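Only one structure is covered here, and it is reproduced in the block below.
Naming follows writing order (A, B, C and D), and every chain is counted from residue 1.
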Amino acid sequence: MPAFMPLSELIARHVPDGSSVALEGFTHLIPFAAGHELIRQRRRELHLIRMTPDLVYDQLIGMGAARRLTFSWGGNPGVGSLHRLRDAVEHSWPRPLELDEHSHAGMAAAWRAGAARLPFGMLRGYAGTDLPAHNPRIRSVRCPYTGEELATVPALNPDVTILHAQRADRAGNVAITGIIGAQREAALAAATLLVTVEELVEELPPAMNGVLLPHFTVTAIAHCPGGAWPSYAQGLYARDNDFYQRWDPIARERASFTAWMERHVLGTTDHQGFLASLRAEHA
Amino acid sequence: MPAFMPLSELIARHVPDGSSVALEGFTHLIPFAAGHELIRQRRRELHLIRMTPDLVYDQLIGMGAARRLTFSWGGNPGVGSLHRLRDAVEHSWPRPLELDEHSHAGMAAAWRAGAARLPFGMLRGYAGTDLPAHNPRIRSVRCPYTGEELATVPALNPDVTILHAQRADRAGNVAITGIIGAQREAALAAATLLVTVEELVEELPPAMNGVLLPHFTVTAIAHCPGGAWPSYAQGLYARDNDFYQRWDPIARERASFTAWMERHVLGTTDHQGFLASLRAEHA
Amino acid sequence: MSDCSRDELMTVAAARLLWDGCVCFVGIGLPGTACNLARLTHAPRLVLIYESGTIGARPAVLPLSIGDGELAATATCVVPLPDIFSDYLQAGRVDVGFLGAAQIDRHGHLNTTVIGPYDHPQVRLPGAGGAPEIAAHARQLFVVMKATPRSFVPALDFHTSAGSPRAVITDFGILRPQPGSGELALAALFPGATVAEARAAVGWPLLVPDTMETVPLPSSHELRTLRELQARTAEAHRRPVALPVQE
Amino acid sequence: MSDCSRDELMTVAAARLLWDGCVCFVGIGLPGTACNLARLTHAPRLVLIYESGTIGARPAVLPLSIGDGELAATATCVVPLPDIFSDYLQAGRVDVGFLGAAQIDRHGHLNTTVIGPYDHPQVRLPGAGGAPEIAAHARQLFVVMKATPRSFVPALDFHTSAGSPRAVITDFGILRPQPGSGELALAALFPGATVAEARAAVGWPLLVPDTMETVPLPSSHELRTLRELQARTAEAHRRPVALPVQE
């Protein structure tokens, strides 16, 4: 049964420097509060894994927390670049960043293999792209029936996966509704699964065919309302598309980025403080 | 968009003699009515595919419809043998039956590969079993990263998959609730997908994370209330466990089996007739 | 409780092997009764996984199949069958696999496929189902099956699964593997069962230690819970099914 | 409709390529506007698949990302992302893939990865996302992107995807592959656009046929629908989000 603890303790106990960490969630339920707590606790040398790095990885990378990035699309969706990711790749600021780069289909196959504890995933993919020339981890296997060559990717099995979810019950079962991306696979692929949730309930209703992570797959849970903002929680609050657009000028320059992070993340002690700090600025 | 038609027409149009056919559904939503219609229309030389043959395949095999069986567990769950399957394998009655035999895990991997249109599936499986010695289709592949040997199975891609489902809407979307086994994979692996449904509705509610087969994956739909009996439809009617137990003495002898099939299946023109015939016997 | 049957002794002894909170993959047949008895007695937080895809089911009556609607309705969640085998079983998330079989050999390997040659069987059995991978991937394996010289055999007609069970519960008592060789040896007898009976029921020369445990009799709570479960189940499996179809 | 912008002409021309009932995999950016415009005009039964896992979404406003809640709430169903790529795209169930890119070459290959060398990029772009497999597996591929000599280039800095688009919609008109060579050639111009303009915008010697189609102007219905969609969208993306958190 998972342990229940505050987010600060969850990160302090379970995510040491140097960990491979996946904060998954495809646009939806991105665990921003957990990412900010990694920054507050000054984590270093992380191997960050995520299909779509999004703003939360822009922030972690810009604050120097990451050594390596496994990903398949690193932009601000519908807005443009992740400027901190670009600055790290183009100018090694604040430190160099190794890239382990895939297509979505490749990374999805790698997550699935990880969840199944198979050593690799396969797909008909990467044909005609230069990615395999730059990523020696993209290889191939021959079908023992047809002789066809199929692309392969090594399984993803991070030390820690962190998800945000709508709710958990007292037994530690975690329920998710809405777009799930590769959250389920990332959860089951990890050695340690940490979850922040919007709501704690006594007992979840039977999920039937809905998405549920049974308690024995979960290591620890922190109650963290609003923990996905500026991403969203289906049924509870919408994506803050206005903030996603406002992030572009904030992150464009090192100085404005650093000032924002110092004021709102490092200058606050927890996620409620972070949200209050943003409200104060906006008021 | 799928076509809507009576079950007799659905079978007549889409399932010629010699087809490879999967009637999937793990205990739940087994398409019995469709199986009976295959018998009424005297299909021959079918390659039947199903993880758990169950009573419906016992009936098809006993009536001589099948040339080959791909399966992983062929019994009457909780009761005992499938006597017609046994008679076919042990005594070639009414005709010989080729076996393509797997474990559940192997067949699940084969279904998944079929749905993804990959040529094979892989698993850590079949270790220490004699199955590969008797099934040359179970092979292996070497991991290009670790060198580990993994078992492989060829993808399953039947000519026709037939499912039974709770409901479909006028656009032809099909919704399923409850135990789904490998139904989704079997549906997406087939060249032709036929579905019988308990209910037709104007428009299904958004499924969110529930199980739904989008209309463009479905070839044709027949409205067939009670079409899973003696299997069941979650939320509509329960599994007829009493009948599953009563099947054992019916199927044990060739004569009693043949008499039952002639009276209730060949002696009726459709599924409503079949159910009425059974009710009359039981009254 | 001297009036309890050997079947009941077997089921209770099998149930006691499970601990509260453990994640158990329930094979078809006898294991289901034992697993649910454990859940209804000393292990209320036992997590039952059925290969049909139900996780955490809490059925009030035993399912006849392993996919009755009762399992789905009472489960924490229902997942696709391929996920059960890849992401739960193969991924090492199952503490205990609980199987039955038609034949077992002295190393605990199981046959549920054929009696006689594969291509010309005397008896065609149902086949492998989930067994090979349950035996391979569950952290520990238990087997429950009645003993006769035709079921406890020196050599299997077919190797369906190659597990190394930690315990085999049968109708005279419990066998456990010897350290080193892994050969199944008599470990405990049911009250009233004898070493001679055990030797007669096993088709190979059975190893018998100098000292022998006796399995404690079922408590009245265990026995009452089991009998009530079986009575509820028998009643439910006879209940007529009303189809939602016009008469 | 002589007051419509080139952006609007592009979007309407792109939308017209889609037919009612087709299954369309919607890439990020410009394609989303075109696909939803088609759905709101001549193709009401267009099935939109977003890589986030939504199938059949009918959003009232354009999502900013390809995973906004509006998509999930209006979708026929939401499936795991790995299923989208394996069971829908790779399995050949997608009629049309609709992509944008930073660079395109004369054969329609796309770059969304880097400008400059991969290890020392001048500009690091977002990367491949779904593009390589959309280009490979959709039955046909359309590309929509604005043309400059820096985006329509003789040689890509990086091959992200190797599709063969049936049409490239850009801000002077439409390119289509030549039979045989597959080289993109001018096929149609927007009203007011010229061959000279097209040649200037393309970084390779553009093939121009003797006769040239002119793309019909947007109808008032198309233009009004597009503008209303964009106005609703802009309003929605500025709307403050209320968190369910105590003040």
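General observations
Here, a residue touches a chain if its C-beta (ideal position, glycine included) is under 8 Å from a C-beta of that chain, and two chains touch if they have at least 3 such contacts.
Everything quoted here is computed from the prediction, not taken from an experiment.
Least step count on the touch graph, chain C to chain D: 2.
More C-beta pairs touch across one of A-D and A-C than the other; that pair is A-D.
For the pair chain B and chain C, the distance between mean C-alpha positions equals 27 Å. Remark: chain B and chain D have CA centroids separated by 41 Å (rounded to whole angstrom). Counting only residues that touch two or more partner chains, chain B has 117-118, 123-124, 178, 180, 185, 208-211. Within chain D, residues 72-73, 78, 86, 90 each touch two or more of the remaining chains. If each chain is drawn as a node and touching chains are joined, the picture fits none of the line, ring, star or complete shapes. Residues of chain C touching chain B in their complex: 28-29, 51-54, 63-69, 71-73, 78, 80-82, 85-86, 89-90, 109, 113, 118-119, 121-133, 135-137, 158-162, 236-245, 247.
Against chain B, the residues of chain A that register as touching in their complex are 117-120, 122-124, 137, 139-146, 148, 150, 152, 154, 176-178, 180, 208-211. Contact residues of chain C toward chain A in the complex are 21, 23, 45, 47, 55-56, 72-78, 86-87, 90-93.
Those residues of chain B that touch chain D in the complex are listed here as 1, 115-118, 171, 173, 185, 188, 204, 206-212, 214, 216-217. Taken in their complex, chain B has these residues touching chain C: 26-28, 51-52, 71-75, 77-79, 81-82, 85-86, 89-90, 101-105, 108-109, 111-112, 123-131, 134, 178-182, 184-185, 198, 225-226, 229-230, 232, 234, 236-245, 272, 275, 279.
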